[in-house]
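Shared between the two complexes below is subunit A, which has subunit B as its partner in the first and subunit C in the second.
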Partner chain A sequence: MSRISHNGQLFFSFFKSLVGKEIIVELKSDLCIKGTLHSVDQYLNIKLKDISVVDSEKFPHMISVQNCFIRGSVVRYVQLPSAEVDIQLLQDSARVEARELKKK
Partner chain B sequence: MPLGKILPTEITVTSEEKSLTTLSNGEEIYFRQPGRVRLIFGTGKDEGTGQFYLTNQRAVWIADATEGEKAGWHIDFYHITCHAVAKANSFDGQTQDCIYCQLDNEEEDYYEMRVIPTEGTATTLSTLYKAFCDVAEMNPDPEEEGEGDFIFNEEEVNGNIQRMLRQIYTECLTGELRHQLRKDNLTMKRLEGTKMKTKKQTLKEETNCRESTIRGGQVAE
Partner chain C sequence: MATLMEPFIDILTNDGRNIVGTLRGFDQLVNIILEESHERVYSSDGVERLHLGLCIIRGDNVAVVGLLDLDLDKRIDFSTLKGEPLKPVVH
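Coming up: the complex of A and B.
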């Protein structure tokens, strides 16, 4: 995921628009963390707060976790709140970014 | 250092001499946790108490009690994949709040690490958490060389697929798809044109036919 940011800032901007929303982050280690997106940076490192659901069987220590920092490169999937995603805007942005990439 | 190797690395007495004095080029101490800090790996490999530092490149823990040449542990920061504030819980008798870390380590015993300040308040922990976040942001993943030329493992494959899909998606949206759409539109127009022409011709032919029939009729009359 972090490599994508080298090609453009679209995903970064997109995730920034989801700050304050509830998302589920699935790590490459199979750990799923549900929480409120607190912040995201250019490497798509994700900070979550008010964490509620984690795989407590595999990672018992995560039960008592409230805030966490996730390295962008270990994120496998991010589940988004569908009501919060403006698909039309995302498509338009993808077009603009692709056009800019072609110019380079 | 390649990923997936045994991490973190042990510090020996000779290299660190019971305090953090050996820093590599460009490395500096970013944060020092006041008081003693307990370090636990995995589900209960208690290393005892010691001093805890964050440099701008790694996390370093130096044991109070040395055992032979072992003096502590250090880990390059980009191997810490996730860190969190974990409250005291009943699991394996953890009675203090701590910083919980996951490491990109295949060695199961060293997959998790807990950094437990033995003194201080909740503020102590949030300060330490913030320092962890700061250093993590200073240490993005190192660039992998030859990336894209070879596919090494599942992660690489997934990464490549994701990248390709995204590329295809953007290309579809912009170039190809629009081109196709324009082509389709032209074809549609042409088809419509043909249809209209045909209709007109048919009409004309019909009219002609009718006219001649009428004329024929007139002639016949």
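Coming up: the complex of A and C.
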């Protein structure tokens, strides 16, 4: 991740830079799904590959599912691999975007 | 052969239901049409299947859409499978 474009879609670009990495998505229903990020769209809908539910003993609902689509509106948290995230760059980009939005 | 190609889909809804069926259509809002669908009701007593048939699920109410692996699914013994019901989505 060298540069993030900021055209009002900073986090969309940010998630695109994480494609192929393993993430854990926590839903607003407390369900945690671990998988490889396959793609993300403008609504921050997420597609995951090779998924597993973190507490699959308790929630066996998705045991025969390997690839899934998660609606952006039900995502509470996304746990990221810290080695893949340049926090300084992300913070700077967020500031720049906030400044640009203020100008408009 | 055509029936083999049809995507078998597993949907988790915002109210915590688990609906399985054949995907017949969808749109940008993730409204979904399912054919030959059934609901799987998980509880500590086991899994119960409720026949639903043809249904449309409004996109607002869809949390997760999973591509069901039919081979894997056939190997699961639902008579002994136990699980807790999913919590509803709280925005």
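Here, the second predicted complex is superposed on the first by the 92 of 104 C-alpha atoms of A that agree within 3 Å, B and C clash if a C-alpha of one lies under 4 Å from a C-alpha of the other, contacts with A are read in each partner's own complex, and residues count from 1 in each chain.
Just so we're on the same page, a residue touches a chain if its C-beta (ideal position, glycine included) is under 8 Å from a C-beta of that chain, and two chains touch if they have at least 3 such contacts.
If you're wondering where the values come from, they're calculated on a predicted model, not measured in any experiment.
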item: Which superposed partner A:Q66 touches (first subunit B, second subunit C, both, neither); value: both
item: First (subunit B), second (subunit C), both or neither touched by A:A98; value: first
item: Which of subunit B and subunit C A:V19 touches, first, second, both or neither; value: neither
item: First (subunit B), second (subunit C), both or neither touched by A:D30; value: second
item: Which of subunit B and subunit C A:L89 touches, first, second, both or neither; value: neither
item: Subunit A residues touched by each partner, larger count belonging to subunit B or subunit C; value: B
item: Partner chain in contact with A:K58 - subunit B first, subunit C second, else both or neither; value: second
item: Touching partner for A:V74 - first (subunit B), second (subunit C), both, neither; value: both
item: Intersection of subunit A interface sets (partners subunit B, subunit C); value: 27-29, 31, 45, 51, 59-71, 73-74
item: Complex contact set, residues of subunit A against subunit B; value: 1-4, 27-29, 31, 41, 43, 45, 47, 51, 59-74, 76, 91, 94-95, 97-99
item: List of subunit B residues in touch with subunit A within their complex; value: 43, 78, 80-89, 91-92, 94, 100, 102, 104, 112, 114, 129, 132-133, 136-137, 140-141, 147, 155, 158-159, 162-163, 166, 169-171, 173-175
item: Contacting residues of subunit A [partner subunit C, same complex]; value: 27-31, 33, 45, 51, 58-71, 73-74
item: Contact footprint of subunit A on subunit C as seen in their complex; value: 10, 12, 14, 16, 18, 30, 40, 42, 59-60, 62-70, 72-73, 76, 81-84, 86-91
